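I'd like to ask you about the structure that follows.
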């Protein structure tokens, strides 16, 4: 206000000019906006998918973090999607056209994800987007896809409680990964006291909320719940708390880098995996490669797919992936889910005979695909896919051996509606 | 000397001043009186603590002990800007002016020091009388629109003194105003100080004995943080053996200079 | 009581990591007025040095690779620092804020460079067997790797103290720090002293990087996790004072782990920061007061 | 009447050119961009314009006041979260209803007290400015009074932004942690954030706010206070020994910068990606904000605006074309500008102008230089 006072009260000639300039600008600008808006709004609505398959190629978007903290995880996923596109193109493409990927960098920054999603849809006019890893990035782009009625294929296991009509979820929801892991701990490991450690963000928080509800219903005691800031590498405090809690097992939802530090420091504090089993839901083969197999040998993980998962489809997939990116590379659950996502979209487009979003959605209902993890089916309602839960143990080579498997694929239930104990989650439909 | 029969107003009265820098006594029990309207010189070798005394008066350094009375008001514990508003201005060893601003703007800022923030936020129109007079006094009228950074060393010193004159102070503290100046510049600076002394009291820290002879009313000599010779006339100081000794006998060692520069 | 003792140990251990990093900063920031935001990336390259050596020497020579990487990382990071000093920082003396920004740009480039050379994924650094496990004394679990880092921090601090306090080189460094012009005038080759100081300060970052490989993962973002905390150590400790840096590093380490224990990891950091702001109200010049005129 | 008309005639050449430039730029933003850019690009441009408002504040505090504010993300975030909370409440239909994430993550039955007042649009909007300004005033007073300056100040502000981001992430049930606040549909003053026609109105509003912020900042820098700020930057002790409170002068600039960051943040959630999360307020985004201003020319308000818009446009384009090179580019840009061209774009513009009008009378160019730089 002080500046305003100074500004207005000055009787200098110039200030009148500036005031007038602002006023004139305001008025004319609003008039211009008012006139211009009519024709603008009509043209912007539903034209998104029409031009996606009009040329010789069909454009699809790939939207992951290629820079920033999340690049570590997301780069391999991009590789998987590129591989799938290459394979499909080699087999003749979709609708007789080659798929042309447009790769955008979300830069581990949520607003950037939203901006780039908008760009892919409105400027590149892609038929579908394969992308995102963190829940935050997915939440950031969700309104963009819903508003533009465009399609996103999301390839990572997540916290559930979501079913956007414009997103296909090819990673696990909680009832396909976390709940089976808990049941395994209870039945096979006879765990009575469980400690929860996670990175401080939405997935661990939501997962732990569910775990606490489940534990209450199943007579398991939660001895502690600790969160480390994302990217944190200093775990002595949490390790001390784990040690003091005298727990039977740890449920680990730490993300990325943090796992390495956590395991190294647990080990240093005299808590090797033989003494204290840790079930991790964010460590896959790719992460094991970075952590060092000897640090995590014998640790328990829960996923739906491992590189070692048997089956011809997987053998072919692993072989192709290594041939493309090198023998030292490994496949894992999100990599496989991303690979599957591209195929699911391509199959649906073939079935629909067009890339039109609504028709692709319709064609996807009940779509079956022989994925590396086994046969998957797209759910009619929530657009998640059926998945077999697999508990694995990390071996010497850094690969994961399945030690327990659910009886066939589990139906996706993102809102946990079929679990009475989960009433406390109070699902809100988006 | 504290009990003089004919009382002349002592504008600044320092008693038992003590400054301790982590065990090093930069100023150790200094008494100093500056009378109204005199040009008082404070001299002594490097590291004698002269500048520290000035720093204490202006609130830049917090003394560990002693009292500083200005017009019978205790200055210890007051903030720098409050002390300035009481009528004490100072210069620095290396002329400190606002190099990115013009000469006129420099003087104008000095002259506006009693304005409220609200008034400061208004745009400046024209110059005040005080600024014009300071331009004239310092002989900087020709370069009034030049950036202060482009001025010569001497001109910067005069500008700094001019800025203080704009503020109409009662006491002006000058820290080595002629250091590094040519003989002509010294003369002009001396004239400026004379002119200044007509309007206010001046306390000047200086090395240059010749300069001191020409302009000082009274002189106080310091050495190693203590008063070596209390306020006396120039002739008395020059006649004093101890003063001669510290000025001739002590080399200006590089270590001492480094020490002074780093304190 | 045991948890508290364990937390104290954790604090000392974290403090000694901070100290290892802050020591290098004490030279470059404290003594030369250079804010080197790429210091964290020197740490990162120090850590990658361990990784490279381990790959070159083979997995059966882990102890060798690890011990050898301490001096080599010093040289690698030191050389990078030297290069940075000679190309960019030299031009920026007297512009501390600009050095901060420029070196941040350098940090970005170095991060991406690491990503391009070593891949975006973290790499595996195998610990020597003698650093695995730990002992329990009076109920305090002391991991060997943490004890090693504490020891390393002590040894390097002692070495730094000797260099700065006793050797001719150190005296020159102090002279330049106190008064650059005067030191130059009295025959000290200041540019050469600057280069050596920078080499040493950056090299220490490399050594810190080697130590950190024993605690966490090695990846392109390694340095960024520690750099701000380390700068806070130097600020709290007082400009360019080894003693201050030691006290500040331990104090911040312990405060951090206690605050974390009683609240949560996230809140702990906020509490520590508030404590620093309050502390600086009373001692803006840091724990050890510096008589040299501060950076403008 | 004639005097009224005359009052629009500028008195000298530099005034002429600055007015002409202002009008030209205003026409560019208000008429050319809306006509030329697609809906989504214009929406994106609107978010760059909000960044430009933040940049103005940095130019004041850093370029003119010498305070390197490396924690503007904090104030930007405060402004953005204030309005974001309002938008989140609108989305669920007003106060008693809880935003979605609360029921998902926490177990609250009622709206937390912190959220309650943000149901009111006026409260939310004014808080977006008042909260950052108040916080900056308190922090600034504490920091500047104890004479913490230069790199110390910079690193403290940086740590502050870091601590704020951590605090947000840690308070997941209250403020949705890492995910931040997003809305799928929401509106303010009847303007839908997701309707292209309304987005164009929002764009215009944002541009006009930038114009007003620019003029007020310009006025501030041209006043005696503006000169004092430069004086504090170059010789703080001298200012203090002229009887001014350097603390007060610096606090005002710091608080102004915080206020502008708050305004920018408040508008930021209304346009572009319409999301505010800890990813936009931490250490890295805060330094990025300084990059804009460095590129534009740290002391120049016009440069700050140009820098914010150009750097962001470049980032969007380059990171699309070659994502792996963007970091190299950003790093190199930063090193090049700060080390070798500290006056940035504004410096280049001045240089160009002097080249073109090489025969201006020497006395006027020198006086108007600082003023032009400031403008």
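Here the chain labels run A, B, C and D in written order, and each chain numbers its own residues starting at 1.
Here is the rule we go by: a residue touches a chain if its C-beta (ideal position, glycine included) is under 8 Å from a C-beta of that chain, and two chains touch if they have at least 3 such contacts.
From a predicted model like this one, the values you see are computed outputs, not experimental measurements.
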item	value
Remotest chain, chain D as reference, centres from CA atoms	B
Central chain (distance from its CA mean to the mean of all protein CA atoms)	D
Whole-Å gap separating chain A and chain C, where each centre is the average of the chain's CA atoms	36
Where chain A and chain B are represented by their mean Cα positions, the distance between them in whole Å	70
For chain C paired with chain D, centre-to-centre distance based on mean C-alpha positions, whole Å	33
For chain D, residues that touch 2 or more chains besides their own	166, 169-170, 219-220, 223, 324, 327
Per-residue multi-chain contacts in chain C, two or more chains	112, 264-266, 269
Where chain B touches two or more other chains at once, by residue number	117, 121-123
Chain B-touching residues of chain D, taken from the complex the two chains share	219-220, 222-225, 227-228, 230-231, 233-235, 237-246, 248, 252, 363, 366-367, 370
Complex contacts: residues of chain C adjacent to chain A	2-3, 6-7, 9-10, 13-14, 112, 115, 120-127, 132-134, 136, 141, 143-146, 212, 214-217, 219, 221, 225, 257, 260-261, 264-266, 268-269
Residues on chain A engaged by chain C in the complex (per definition of touch)	67, 69, 71-72, 75-76, 200, 226-229, 231-234, 236-238, 240-241, 243-244, 257, 259-261, 264-265, 267-270, 286, 289-292, 294
Complex interface listing, chain A residues touching chain D	3-4, 6-7, 10, 13-18, 20-22, 25-26, 28-30, 32-33, 36-38, 40-41, 44, 66-67, 103-105, 107-116, 118-119, 122-123, 134-136, 139-140, 142-144, 146-147, 161, 200-202, 205-206, 209, 227, 229-230, 424-426, 428, 430
Residue ranges of chain C touching chain D (in the complex, touch as defined)	29, 33, 35, 88, 91-92, 96-98, 100-102, 104-109, 111-112, 116, 228, 231-232, 235, 264-267, 269-270, 273, 276-277, 280-281, 284, 294-296
